[in-house]
Amino acid sequence: MFYRLSGVHHTRYETARQLWPIPADRWQVWILLALALGAPLYMADLYLTSYMLPWLVWSAAALSLTLLMGVAGQLHFGFAAVMAIGAYTSIHIARAGWPFEIALIGAGLTAAVIGCVFGAAALRVKGLYLVMATLAMQYLVDWVIINVPAISGGAQATLQTPDVTFLFVPMQGDTALYYGALLWAVIVTVLVLNIKRTSFGRALVAVRDKDYAASIIGVNSFKYKLLAFFTSSFLGGVSGAVLAFCYYQAVTPEQFGFNVSIQLVAMVLVGGLGSVIGAYLGAGFVLLAPIFLTNAMAYAAIQGWLTVSSNLLAHIPLMAYGALIIGFLLFEPLGLAKIYDNIRKYFLVWPFRHSGS
Amino acid sequence: MRGLFKGLIGTVAAAALTVTGTAKTDDDTIKFALLQDFTAVYTFVTDEYNQGQRDYLTLINEEGGIDGYTFQALVRDTGNEPQRGLEAYNRARREGAVLVDFLSTPVSRAAVSRVLRDEIVMITVLHGRGDASDGTTFPYVFPMMATYWSQAAVLADHIEQNEDGLEGKRIAHVYIDSPFGREPVPVMQELAERKGFEYRTFAYPSPGTEQSATWSDVRRYRPDYVMIWGAGGGQPVSVREAIRNGIAPERILSVVWMAETDARTVGTDVATGLKRFEAVATGTDYPIMERIMETVIEPGLGTGDSENVGTTYYNIGVASMAVSVEAARLALEEYGGPLTGEKLRDGFRMIEDYDAEGMMPPLTFSEEDHQGGGFGRISQWNGEAWEPVTDWYASYQDIVWEEIEKDAAGFREGR
Amino acid sequence: MDAQSAQSTATPETVLTLSSVEVVYDKVFLAIKGVSLEVGEGQMVALLGGNGAGKSTTLKSISGLLAPERGEVTRGSVHFQGEDLASLGPSQRVARGLVHVLEGRRIFGHLTPEDNLLAAFSLKGDRRRYQALRDQVYSYFPRLKERAGTKAGYLSGGEQQMLAIGRALMTEPRLLMLDEPSLGLAPLLVEEIFTIVRDINVNEGVSVLLVEQNAAAALEIAHHAYLVENGHVVMSGAAEVLRQNPDVQEFYLGGTGKVDYHNVKHYRRRKRWLA
Amino acid sequence: MAYFLELLVNGALTGLMYSLVALGIVLIYKSAGVPNLAQGAMVMLSAYFIWMFTAMAGMPIFVSIGLAVVAMFAFGLLAERLLLRKMVGQPIIMIVMLTLGLEIFLRGVGPGFLGAAPKSLDLGIPLTPIIVGDVFINRDYLIGGIVAVVLIGLSLLFFRTRIGTKLRAVSDDHVSSWSVGISVERAIGISWGLAGISAVAAGALWGSVQGVDWTLSALLFPAIAVVILGGLDSIIGVLVAGLIVGILGSVIPGYVDPIVGGGTRNVVTSLIILFTIMLRPHGIFGREDIERV
Amino acid sequence: MDSTDQTTDRATALACEQVTRRFGGLTALKEIDLSMPQGEILGLVGPNGSGKTTLVNAVTGFYPPQDGRILFEGQAINHLKPYQVATYGIARTFQNVALFKGMSVLDNILLGRHIFMRPSALASLFYWWWAQKEEVAHRQKVEEIIDLLQLESVRDEPVDVIPLGVQKRVELARALAAEPRFLILDEPMAGMNQEEKEYMVRFILDAQEALDLTILLIEHHMDVVTAICDRVVVLNNGEKIAEGTAREAIKDPAVVAAYIGKRRDAA
């Protein structure tokens, strides 16, 4: 009903290679975009600023990371450090009085260059060792930020974002900030989708799957691994800057600590490695699950359903969150994207139960 | 597939329930949002601190509230994550909270610009930005008790009085390598210059479980006094290392984060003589505490383990709420209900010489001073409990305020 | 026909019986569709067929090694010496005397050949039994003894195959299952390995179930053979009989004479590939 | 010179204390190929168990440690059976994340049920230092170091037994181990159990030094440096790398910290991990994968 | 099939001069000399571990030789990285199928055209301009190869679900997509039955004819080698022990001792 595959024939390579070859998918994307654009009109500011906005920015960050981890196959446990580099660069550029646009590009470039240093380690190792190497770099970046007052902002170690304008629009007020985040999420999404279907993305996948086989068809795996780190870190750095300016409105070292890196990886994995829709779903899950669980517990306690100590009450979400991550990996290792895919397939053949095979 | 849908619908329903359920408000309750870190970095303090806060609010409610108003604590865990803290803050604001307490430096920092905009009072008891003591720059932020700068000043003053002057003394400052650990450094350097003592810093890496290399170095410095600046698990390690390296407990002075458990971890007897800064008295021999015991704990209305009542952090929690409730009382008296953030702020600024019935130094706030004077005292571990060895006093507030001014100016420029 | 009579003569002392075994991977992919076969006491049985026909899956359904690849037996039964294996895990099956030499050898590369043998030896057996078994393995594969001290991963392909078979012998099997022992080996080594397998079969009285691409070599040493295509047994019978079958000759043995590769017909491959 | 010696000795002993945490990681990796990033949380859980038996049930400390050993061995078996067994064949990143999920879960369970505020654990080790010449030796760490050496020695002996050979075989190739009748599940379960036991040793010693709370799980980071440097599958590597990480992490900050005025030990630890991975990824004693082209 | 006398008047495609490669203490290749004229199919045979794959890895830049030179069409290529070798018009397949599992058959073959494409992340963002033109142009080339190797029916399948025989064909297609002049096939028929072998041979011969290829073939199936190779080089322990037509080589006593063994009517 919702999806009609019959009657969809592509007679030209152009149409067959478009982003969403099925018309129903295209419609869905347009509707989602319209909903996102109209959100400030119908959404209470709590939901707009506390859920939608951070969700969009974290999705963009998760997309940047999934480009590296899912598409290019390079594991990264220090991505929060990359975002931190972007956030600190942008805030220092903006405080120095430069335009916000330049601050964002500067954030991306600085993060990309330092991100490539992360990547340099990746040229020799993969898998677990890459996890450990990037983890070590996260600690190094953290240390540098904390120990260099010029970066972290002196004794208070906190920097407030100055007021900025983006393309002549002042970035103040919930609505402007929300549209800023939305714009960035859309750009990253389009970019990652396009990378995945063009030669650049194919080369990355090739290096991920079998680097020796990739090299013999002319893919310089050295170059493409670095490019993957460069691109992903660029996007991650800008995401960090957007997060700082549009959401936190301040930068402190703790915002980009080691646990944030783990959360980013969890977003990518719970969503589904390498999946664009998965990055959105995973970011939503990792971001909202602890919040939702905390609120649910508080509500249950107020209603008198749960009579346990406040200490245990506070820790139940943590347990549940850990258990949920474990559960996802055990029972749906392909992540939320796979669950979405199952639902979509269900509707593809609806009202029938199975497809032909 | 069917199971999946059921699950999805169930989840959505539950979500809707929690969202709408908590949104209803009563006009005659005043909401204090205690959105704190119960599960991450601040676990060493949060539990007892929060218990004290809630027990005090229960006490006030049991005694009939203030001016017909009762208090409600909105408690959430933020896990020390700015992300979750801001969400909880926005939600609490929606629910009508007029005061918020994060007990987490990163969350408080991230929330500063929001509380200033939303005109909601944020108390930052013994955490957060020290420069927020500047009430003109941070009208809605109340550090309320002595900042780390003031604490350092008090500790230095104590050494000075013990030793008849600081001239030529060596003071080692052993701290966790973080902005918090480094915070008192400029004040101490300034003092060292003024008073002519030798001052050297020794950092140990976070989280402080292992400090032996640092202390080998400290011992060779042969300090007359050691100031230890850490929190949680790092504190007993510091004390053990100090004692092992031949520094007498009497010569170890700690920042405010040193509680009963820490002394026990060091070893009750071994730690005897250890000194610390204290901003609020410990124990239950104060009118407020006696009333809490009588009205809240004994009828079983307490929120946690009754053994915690009277501990260091519990009492700090009680004091933080006592001051806040006092501010609310003054505000309601002056402006009448319903209470808003702005009225509450003015209420705070009206507080004069309030000492929570003897539990804490007399606090006075003004439009400029949100620290309340920077008072504290020194207490000493006697093998069983912390025993005060000085009166409440504040020192070198001129230097402290220089620091406050400097950083507050930086904040203003950043805007 | 002939095949049936050959089967019935072998039945009195059947070691292994598969009846209508169906295996599904990942709960969706049907890999074998009702395979039945029997291996008689002391017999050498060959399982032939193309790639993806389901030969390896059949062996795994017998040894219980489907689980790691998310496969399961959804229908049919496997009986070994009269016992239903359905509820037994892989290690219990080995304890019953059933051992599987995996495709691609899969020796413990970081252990020495000696430790490879020790690892396969049951914890219940004593030191003397171990030494006796080890010496027996070395007598079949003297090259392993020469290289007993080096890491097994550095052995050549042929030596690794020998080690894999030797390691299997350490479990004192009643039935030895070999999955493509000749894969990637030079003709000289294929020869050697097949000879030893036949010797083991004859000298030790171990039944052998052999999966092979090299149909000619397999049919030469096997008593009996099954032909698997597309998850079904399409033909079975005495090795002699199969060797004479014209279809088998055409598709598995390369015809009676030499194939003229330059003149393979285009139309035939089109018809078969796209079927 | 005495300063250097003191840094050296205490660093070495601290390093051995880290080895106690690292040993558990190696035991599991060696047989199951799983990098257990929940080992730090297991150390924390052990300490909570010991505290629970002493403070809540009032048992003598050494009885409590014994009970904790039993509990943690059971926990290890359970973790393997319920979680890791299902992950066989999944990409390494999934397994890493799973152990991190377990870590998060345990960080909720321990403090949640037993209280988040720090607890003290008294092993009865006096604070007075052992003084050799001008060198102060930390008694806690000395005992920890001895325990570490003993446990590492026992592990080495264990892997020389027949069960040990089977464990090594399992670490090489699971499927192939099954095929020759090794009960892979039991083998991996045993190594998880052993890792649980080593976690108790670490939990008791570290818990007595710093108190029991969730920060014990942060011991993971130096332990990772130890296993990376020593080699993820090398028990002897745990010993040697523990010494190196401990000594470098003591001596370098001992001289550099006063100059840069910061706790450089985490930097040293990070650099050890980085340089090892860039120069010799499999560590000093770790085995290099045999690749035949 | 008397190709030996043709070698003189044909240009040399590949030449190895005294190529030596050591791994640690082990010498995997000992001073190998080899010369292949254009258009030749050369069989490379020998026991396992004799150095066949190592030689291929030396030519394709994976394990560059420590001594000796490798010339392709007169240019030295022994210092090049594998991805550079590809641009010279050399393609290869692998012993164990080395397809990119995460992609469809079509994308795998499209990757074969990588050396002709200009990939960049920024271009991806602006897909609607020339990136699209590039995609479509290469798609046409790829469809020709799909036609040649009859892969139409699996075009959009993920490569890991198609049968091994077809996977090997996809790998050949990917190699051909780079429009190579020199093709190295490493055991393209390992694990195949007679029928599949025949098809594979047919496709190899078709491709050689259509694209005028020089082919280096590693294969254990001596019947195939005998049938389609112009010449054979036999390696053992890293040394060349025989060279000539297949029939001559098979009879060489050194080859019999090291490799063939006692004659059997085997495949």
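So that you can tell them apart, the chains are marked A, B, C, D and E in the order they are listed, and the count of residues begins at 1 in each.
The rule is simple: contacts are C-beta pairs under 8 Å (C-beta built on N, C-alpha and C of every residue); 3 or more make two chains touch, one makes a residue touch a chain.
Since we're looking at a predicted model, the values are computed, not measured.
J.: Quick check on the contact network: minimum steps from subunit A to subunit C?
T.: Shortest path length, in steps: 2.
J.: Measuring between Cα centroids, what's the chain most distant from subunit C?
T.: Chain B.
J.: Compute the distance, rounded to whole Å, between the mean C-alpha positions of subunit A and subunit E.
T.: Each chain reduced to its C-alpha mean, subunit A and subunit E end up 41 Å apart.
J.: If you average the Cα atoms of subunit C and of subunit E to get two centres, how far apart are those centres in Å?
T.: The computed centroid separation for subunit C versus subunit E comes out at 31 Å.
J.: Using mean CA coordinates as chain centres, what's the gap between subunit D and subunit E in Å?
T.: 49
J.: If a residue has to touch 2 or more other chains to count, which residues of subunit E qualify?
T.: Where subunit E meets two or more other chains at a single residue, that happens at 62.
J.: Would you please write down the residue numbers of subunit B that are in contact with two or more other chains?
T.: As it turns out, subunit B has residues touching two or more other chains at 38-40, 47, 177, 305.
J.: Can you list the subunit A residues in contact with two or more other chains?
T.: Subunit A, residues with two or more chain partners: 147, 311, 314-315, 317-318.
J.: Would you mind writing out the residues of subunit B in touch with subunit D in their complex?
T.: 38-40, 43-48, 176-177, 200-210, 212-214, 216-217, 219-220, 232-234, 236-237, 240-241, 243-246, 261-262, 264-265, 267, 270, 305
J.: Mind listing the subunit E positions that touch subunit C in their complex?
T.: Touching subunit C from subunit E are residues 46-50, 95, 150, 153, 163-165, 187, 190-196, 198-199, 201-202, 205, 220, 222-224, 227-228, 258-262, 264-267.
J.: Quick check: in the complex, which residue numbers of subunit E touch subunit A?
T.: So the residues of subunit E in touch with subunit A come to 60-62, 81-83, 85-87, 91-92, 94, 98-103, 107, 110-112, 114-115, 117-121, 123-125, 127, 131-132, 134-136, 138-140, 174-175, 177-178.
J.: Show which residues of subunit A lie in contact with subunit D when the two form their complex.
T.: Touching subunit D: residues 69, 75, 121, 124-125, 127-129, 131-133, 135-137, 139-140, 143, 147, 262, 265-266, 269, 273, 311-312, 314-323, 325-326, 329-330, 333 of subunit A.
J.: For a test of understanding, state which residues of subunit C touch subunit E in their complex under the given definition.
T.: Listed in rising order, the residues of subunit C that touch subunit E are 49-52, 156-158, 180, 183-192, 213-217, 220, 250-254, 258-262, 264, 266, 269-270, 272-274.
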